[in-house]
């Protein structure tokens, strides 16, 4: 299945887009999605945390590790997933 | 000789006056004036620093140790001496 | 937790993302939209507070500098060679505002503050303009200073706001 | 010393003792008497500064609380039993203003600030009124926060200003 991941800041600039797609199987965990990002989007490596300890935003709240993600469009109950790293407000 | 020492804050409240007089000999050092204050004004003890390391203001600048003090009225070349301790601005 | 006198009540907290630079006008508008009226015109801060309870009020402003430090690895090449015209702040909404609010509450409670308000810009903020305002009120200065340092460190880790340079 | 960019010049420093509470009016008057014009109305601070050099501006206000902490040993008996009407600040003049100025210069230089202004009240300041204002401007926030903490600690040691409670 395909999972869309929103990206921002330096990651979005580097990828020249505001979202990337990763190929995942079933309902992956946060850890698995981070591992898939590492494998399938090496250009984002500088912005990717280690899968073991890193976090993603799932439905706009931070989540890590074994948290399951439901792929698919929001309208069909899918989760909104975003890579939030290297923030730099203030 | 008599030396007048200005006092402020808690020291002035405790002594119910804004200056005290100490008996000193010749031109004493800061250390000697502090020792004289300890000996002659025990009510000020809580506000007095140890003579070895303590400071006084001499002509409105901090001074310690061996610095000599000229007793006598300002108009006649005497130093203005003040005990500045337990300050509490802000 | 042993809170200082006068802070037995939960701290008053406000956090908002504001479009554009934080002019005095936008700041006042944002405060009043959230039902806050400034205590005094000097600090321009909190909701009505018991007079005599606040002993320290600190206002921090982050201002866009002409020479922005390059922190994004992909911009290595452009390192400090050009002058900025502005910064463009991108926020992940509504997570950014919610994150700002959660951080505000957490810091205010941890440090036993009386009030904390945090405002951050979204969109373009020119050089010399304010992009971030943090106002902290507490009984004594120690907790206000500690809260301020704590807040700013955490802001850069946990609140999804990014800045992009706009070169002159 | 390796100063941050934009602070190669000596920091601009102002220090003054002001009669009565530090209202906005008295603050503005005191700044202008010393030839300072506020950079922006928000921080109300320094002399004309190159635009885009300041990245952080912090304003600290010390405000008289209704319940003042008793610090003078001879007042032990009255410990926090009564409400204050005001604090009466006594200064040893002109050493107090000179000391405030010396401290301002020293802290501004040590932390590589762009500007620092410090105002302190003399005489009566009522509960809820401001008795001390410190404004710090620097390239980045770290040195502004450090300078502020440093200044306030040193103020209480080295500047001959005393406060007396005036009970209600």
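So that you can tell them apart, the chains are marked A, B, C and D in the order they are listed, and the count of residues begins at 1 in each.
In this text, contacts are C-beta pairs under 8 Å (C-beta built on N, C-alpha and C of every residue); 3 or more make two chains touch, one makes a residue touch a chain.
These figures come from a predicted structure and were not determined experimentally.
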Strictly by the touch rule at the top, which chains does chain B share as contacts with chain D? none
Grouping of chains that still touch (sans chain C): A | B, D
Suppose each chain is reduced to the average of its Cα coordinates; what separation in Å results between chain A and chain D? 48
Give, as an integer number of Å, the spacing between the C-alpha centres of chain D and chain C. 22
How far is the middle of chain A from the middle of chain C, if each middle is the mean of its Cα atoms, in Å? 27
Between chain A and chain B, what distance separates the C-alpha centroids? Give it in angstrom. 70
Spell out, as numbers or ranges, the residues of chain A touching 2 or more other chains. 90
Please list all residues of chain C that touch 2 or more other chains. 62, 141, 152
If each chain is a dot and touching chains are joined, what shape do you get: line, ring, star, complete or other? line
In contact (per the touch rule at the top): chain pairs: A-C, B-D, C-D
Within the complex, which stretch of chain C touches chain A? 62, 71-75, 89-90, 92, 94-96, 98, 120, 131-132, 152, 155-164
Note: in the complex, chain A contacts chain C through residues 6, 8-10, 13-14, 46, 57, 60-62, 82, 84, 86-90
Which part of chain C faces chain D closely enough to touch in the complex? 5-6, 24, 40-43, 51-67, 69, 83-84, 127-128, 130, 139-141, 144-145, 148-149, 152
